[in-house]
Amino acid sequence: MPLKTPQQYIESLRDGRVTYWDGERIDDITAHPRFQVPIAMTAKDYDYDDPDYRNIRRYQTEDGGSAHRIYQIPHSEKDLADRVEMMGNSAISTLTTGVFMALMSVKDQVGEVNPQYAANIERMYKYARDNDLRAAEVITDPKGDRKRRAHEQDDPDLYVRIVDRNKDGIIVRGAKLHITAASLIHELVVMPTKGMRQDEKDYAVSFSIPVNAKGVKIINRSFAPAELNPFDYPASAHHSMPEGFVVFDDVFVPWDRVFLAGEVPLASKLAQSLGLWERTGGVVEAARLSELFVGLAQLVTEMQGKEGDPMAQASIAELITYAEMIRMGLDYACRHFETTASGMIFPNTLAINAAKYYYAANYHQTVRYLHDLGGGLVLTLPLESDLRNEESGQYIRKYLYTKRTVDVEQRMRVYNLIRDLTADAYGGWQFVVALQAGGGLVAQRTMMNRTYDMNRAKARALKAAGALPKAKAMAAE
Amino acid sequence: MPLKTPQQYIESLRDGRVTYWDGERIDDITAHPRFQVPIAMTAKDYDYDDPDYRNIRRYQTEDGGSAHRIYQIPHSEKDLADRVEMMGNSAISTLTTGVFMALMSVKDQVGEVNPQYAANIERMYKYARDNDLRAAEVITDPKGDRKRRAHEQDDPDLYVRIVDRNKDGIIVRGAKLHITAASLIHELVVMPTKGMRQDEKDYAVSFSIPVNAKGVKIINRSFAPAELNPFDYPASAHHSMPEGFVVFDDVFVPWDRVFLAGEVPLASKLAQSLGLWERTGGVVEAARLSELFVGLAQLVTEMQGKEGDPMAQASIAELITYAEMIRMGLDYACRHFETTASGMIFPNTLAINAAKYYYAANYHQTVRYLHDLGGGLVLTLPLESDLRNEESGQYIRKYLYTKRTVDVEQRMRVYNLIRDLTADAYGGWQFVVALQAGGGLVAQRTMMNRTYDMNRAKARALKAAGALPKAKAMAAE
Amino acid sequence: MPLKTPQQYIESLRDGRVTYWDGERIDDITAHPRFQVPIAMTAKDYDYDDPDYRNIRRYQTEDGGSAHRIYQIPHSEKDLADRVEMMGNSAISTLTTGVFMALMSVKDQVGEVNPQYAANIERMYKYARDNDLRAAEVITDPKGDRKRRAHEQDDPDLYVRIVDRNKDGIIVRGAKLHITAASLIHELVVMPTKGMRQDEKDYAVSFSIPVNAKGVKIINRSFAPAELNPFDYPASAHHSMPEGFVVFDDVFVPWDRVFLAGEVPLASKLAQSLGLWERTGGVVEAARLSELFVGLAQLVTEMQGKEGDPMAQASIAELITYAEMIRMGLDYACRHFETTASGMIFPNTLAINAAKYYYAANYHQTVRYLHDLGGGLVLTLPLESDLRNEESGQYIRKYLYTKRTVDVEQRMRVYNLIRDLTADAYGGWQFVVALQAGGGLVAQRTMMNRTYDMNRAKARALKAAGALPKAKAMAAE
Amino acid sequence: MPLKTPQQYIESLRDGRVTYWDGERIDDITAHPRFQVPIAMTAKDYDYDDPDYRNIRRYQTEDGGSAHRIYQIPHSEKDLADRVEMMGNSAISTLTTGVFMALMSVKDQVGEVNPQYAANIERMYKYARDNDLRAAEVITDPKGDRKRRAHEQDDPDLYVRIVDRNKDGIIVRGAKLHITAASLIHELVVMPTKGMRQDEKDYAVSFSIPVNAKGVKIINRSFAPAELNPFDYPASAHHSMPEGFVVFDDVFVPWDRVFLAGEVPLASKLAQSLGLWERTGGVVEAARLSELFVGLAQLVTEMQGKEGDPMAQASIAELITYAEMIRMGLDYACRHFETTASGMIFPNTLAINAAKYYYAANYHQTVRYLHDLGGGLVLTLPLESDLRNEESGQYIRKYLYTKRTVDVEQRMRVYNLIRDLTADAYGGWQFVVALQAGGGLVAQRTMMNRTYDMNRAKARALKAAGALPKAKAMAAE
């Protein structure tokens, strides 16, 4: 099966999928204004001939075919580095397809419980890869009352569950929240939201299903209106992706698409398998964004002639620290990778969680430095249309002038990007995304508590305290 | 002159003022969709019969008339408290009218240099008060290259300046940035942006001029589009105010409206007189907003059934600390007020600056606690229109249910308010406003450095260090 | 009974109390070098003739007598202000006597359960007051394994408990930790460490017992050695107080000294009654210390000629913010006091907890600013003895000179105070004390969660979210 | 020349060096109690037969000899890793010998100006290496009034300067502050404290001189008293090193020991050459210390049975984040090393400065987490002597028991180490050292501002803002 072209991708979306947005049921999203930006973003990653990206985007499969690199199973530091490079240059709707990486990383463990599930994972992975499909990570259940477990809720459907099973497959009911790009991709890869107990068997369910399967309904939401001027909104005019509220209204899933159906001990393994790759994506984005912050901070400072101001330099140094610490964490995670039994490698779990946590926990405070440097003009800059209007434009050009080396339009674009990234709809969204994507702060803290080499740290502390017998003290070094 | 009605206020805006927005020159703002929300907000404060606010909104002038309380010159702690109460319940376009309070507080000092200016201040204050006008605080110059002073810029107009003087008045040229509500009020009260030196006489200029004066042009900008659904945007559907880029294209100002024209020593006094009242407004808003944050945090936590979670309680306690520290600072500032020679009182300068700084410097990090508690749904909640659509609405109601005591629509509104206030266009704007309104962090730090009783602190430190002669040590206590 | 003189206080300590320190059993602490500083500190507060403090230190009781103000039950804002003034000028061993204030504030509630206990409280209060005694706050149990409750521990004595009762009194066994000044005062006032359940009756116990009671043993610890040079240690040479590990080895307590013996519902009331006054003391100390930090920061900056450095000014402004926010919180707490049924007033609970939390949570970070300003000399300054040595002293004087207006010895004292307060044994101790005294961070957060007017905040949030019916919205204002 | 033994090192200190401490001139430091700990620490690194460290400590020189690894000039990532390993296991008095690494790294640049200086550097390096000497980093001048430059001070000696030159050498006068281990090593390697201007030629001076040279006087200071009990002070009983106030009272330096004498353009190069290696040492120590913090936090939590407490876990996760970010930064710095013209490598400048800054700027706040977890017992734990005293010891053992798996003595040692490291004299010292060693916060910020790839960041920001011409946009990727 050859790689798709951008146009083929767009056509593939006209498959009867059920999408709602702003009160409207949209039958053909490719013809609807609200979807133009997200479709264009996603389609761009199907441009395998783009001279700038073709080597990053495409790889040769072990079967000799050609596929998008999101499907490449990394086996070396180089593979990981290529993947990170690709991730930094792909749409989120491409990146979510990495959900297959999560599945493949637990395939061996799944196979021990039920070889059929493992075979299903492998088959679906190849099917998606070879058909050049895109997939969504479908994980978070509505959860209802957090004090109660899945089966104790007033409505048993508040976690996705199996309502029936027969020889052909299972019937599932429920909803999943925060499903990025759900309407823009082909396969919904559903995972349990967390570990399940013995009496929650019907909630231990995982599978992949096409977006146009009967009973699947997607309600969309986005921070961005349909159209934005790229001068005023340099980032969000090109980058926005709807979040989907995905409903499974008694959806039939054939057995060969099922990865889990009741084996509770596997639920948490599957649930967690996604986290690492989601957070890796978060750290890749963090590295990109934090470098932008430094560049913007320096530009806005120079454009005002304040590059010699000690306080400005100090604030820029804070932004540099943030960017460098993230970048170094990502570098470390890729170099000190971990390996599955079958030789697939993945970024260092502790490193990714520490770097992601550092990013998330300090994001708000770090943006404060940029806001401090930017000043009020970040908010009050006139629109491009007023710049183009001859009457008002002459004043804007005259009064936003600072010095000969600074072009007024360029200056406006820089302020607009600061606002767009950090102080407008997209920027507001970013604050929450930095914190919540890939699981909130507590999820990352928990993973750090679990994966840190606590025995070594305790032994060293005991030795330093003089509390370790000599023999053990030796070993603690 | 009687108080205006809301309708009279609206009519007063049809006076030929020159306004630009989004590339368009708007001749009658009262008929333009973009201005409906800001006009309604401003007009509401003209509803002197509103039973909830009439006592707060109106006061009896010393001349026996009735005026909006924004004009009341405080002479007692009670007056200050009433003013704070009014400020917490007024539109920003009303509050900017407080610029007259700033002028009146320096009137005595101005009079020593030129009694005519002082008389002009008093006359304009009474004129505005008795005609129930609203005014804008017009202070920030574009400033060009910050390394250079006003008269050293490539373009001498980068700070507002007097280009000509004659027996009738002065001609001014330049622009002022970040002028909140400029198109919505009646008088532009112009202040120098900072202290000026002897060779910058033409830049030491202050006056009040009607918005419709010849040569005045306003280019607007706002975070909010013309119309927003109040279910989805509970705050910004009702609250938005354009920021104006105000141009003075050789505007004539008659002498009786001039408060300063070349007397450089007064420039910084006028410039600073505004700061205190602007920051007081900031702290009043901070107290209101930070209490909302606590309420929202608690609601969103309870609605998920997480009110017993220790981490949630800890985050809420952080929000409480923030709200209480601000509230206590405001209380202190009003009780420990300062007094001018003529008996006008104003909030404690150090207290207001400390409280405003605490608010601004910690705003970003504090919002992080709310974002941590709110989770991803803050961003991904479907729109009201999807709730009202019968097909999608049934799913939304079913899956956003948490427990019997929580109404789904109420829950949605709470999430929407969190998003609107902290994670969308208005929320992004708030981050910068918290930091920059009333002068950025450095402005408040500078005022603290100036007004703190450093001699007492140094004497106490020396005494504690054993470095003070006995006699002085006594006095240091 | 007349007030004691300092000398009478010292003599009162020779009463057979059992004290251990550094491996030694000390029979007469007044003759032991380690106790000279703490005894002198405590004795100073018995100097009722000190012209600087006599009016602060002494008050007239309702019985017409004269007593130390620590015993004055506040009934007005003025009383509270006087008390705060006294607290800022008294030794910690005097302040712990405020434990009687805690008892008196719950006396009414105790009386409802058992009038005899209430009578005992009142009697002991008057006895201590009229005999000019000092008391310790004896509250924290060792607690053993925190996962288990008092009666579930391997050793039932890990919380102080009643091991026997008879017609004359009770026999108690156990230990209490962190008992400041235990060896220096007269009465050990014992409180339950926290709320107790029905099956923990023997642990719900409160009483007052003389330090020299049979079976009471105190093991001491202090950050300070016996003697310190006041030039090198300007603070800790004069201020140190041992912490006691107090053991009750089957101590008999007569019924008339018992405040609680099994009535579990009262345990938490008594436990909490102490917290407010302890934290008030913490905030008073915070106000004092944070002002010192500002003074030291400014002095050390000026002495280096760096007072014009923008970064130095910014750091000083951070220290000012800290000092002012604390001071304003204390002011608020005293003005907005709360009142018991019988008219006794006490500082606002929410305000004290918020201010104490702000102090504690930000202490470490705030000291960083002072350390940043102080530089390495804070650590490496030569000792006074080297300054007095002629050979080395000449070099020290020559090379620590900065400019004509700075005296080298004064400069050295300032650096020494910074080190002593924040970067030596006393300073290290302060970091933990700021955090842990009066209960750790969690204790203050819990009190804030409990006392904040959450209903108002929720109602306002709901109203702002448009989620409140009109009628309720009105009430929320 | 063979390697020295520990005993030979000790003997080498009896060379007539002039040392003052606590008012006393000490002629033989090896016989003085105050020097026992620092001498033992330093001597230990001369134990080349220690089986645990011999491979780390010793290396083969290019001349075929054997030397301490501190002298090894790294040429590969492996060399750097070995060096880091050695640094983590050496006394500070050994590490300061790394000053020769700084000199060697600028040797080429120095040689361009004056080949004789370069030859002197090389010769002195080999001399020190082959005689197994130790050296101090002698850099910080007293600086007097910071507003004025070196030659503008009231006393021209406030920066070390050349007072005379003749055919044999130069005569220098002045003092240097914060000279760690000055009395414990053999060579004082003097660097200019910062860049010098043309009119400050006499202040552009660098050389190496034996500690016992005529005119050299050292006044010592340490946080630690002469003897400390290792149970109560597990860290500082073994680790303390005096800081020296080093005076050059007209010291003669022969030309072959001079590295700079008036060539002002080299002054800042030499000054900065030290910084990187000092900060590398800081980051190595940071990695060690931050891991100890995690281990101590976990131990103290488990020993209280609180390992399941969510707030405790969250605090431990914060400590893990800190430790991991530092460790990853150090790893990155060594892998992405930089190379001099002659092939010597050194850690990545930006990485080391970012990691050191992250460590320093967050140290105080991070210790807060440990203090929060440790509780009051960190301060109030009885001394070992009281534990050994039979009477008091029985109570301590009984009441500090928590559960069967926790040994009371071990528990006490853990608390003692927390106190010793973070809340006592050594701990207080650590707060300032973390901040100030290797230059304060501003020094690291400045280096980050200088070394960050700002052009790339600006180009990316401009591209993202749409402000870059297409051609340049390509290049910015």
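Read from first to last, the chains carry the letters A, B, C and D; within each, the first residue is number 1.
Everything below uses one rule, namely that a contact is a pair of C-beta atoms (placed from the backbone, for glycine too) under 8 Å apart; a residue touches a chain by one contact, two chains touch by 3 or more.
Owing to the predicted nature of the structure, the values given are computational and were not obtained by experimental measurement.
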item	value
Maximum centroid distance from subunit D, chain identifier (CA atoms)	B
Pair with more cross-chain C-beta pairs in contact, given C-D and A-C	C-D
Separation of mean Cα positions, subunit D and subunit C [Å, integer]	38
Gap in Å, rounded to a whole number, between the CA centres of subunit C and subunit A	50
Junction residues of subunit B, two or more chains touched	309, 311, 314, 361, 442
Subunit C residues touching subunit B - in the complex, by the definition given at the top	52, 230-231, 234-235, 291-292, 294-296, 298-299, 313-314, 316-318, 320-321, 323-325, 328-329, 331-332, 335-336, 350-351, 354-355, 357-358, 361, 409-410, 413-414, 416-417, 442, 444-446, 448-449, 452, 454, 456-462, 464-467, 474, 477
Complex interface listing, subunit D residues touching subunit B	309-311, 314
Of all residues in subunit C, those that touch subunit D in their complex	20-25, 140, 142-148, 154-155, 157-158, 174-175, 177-178, 217, 219-221, 223, 225, 243, 245, 247, 249, 304-306, 308-309, 311, 361, 363-365, 367-368, 371-372, 374-383, 385-386, 388-389, 391-392, 395-396, 398-404, 419, 422-429, 431-433, 435-437, 440-442
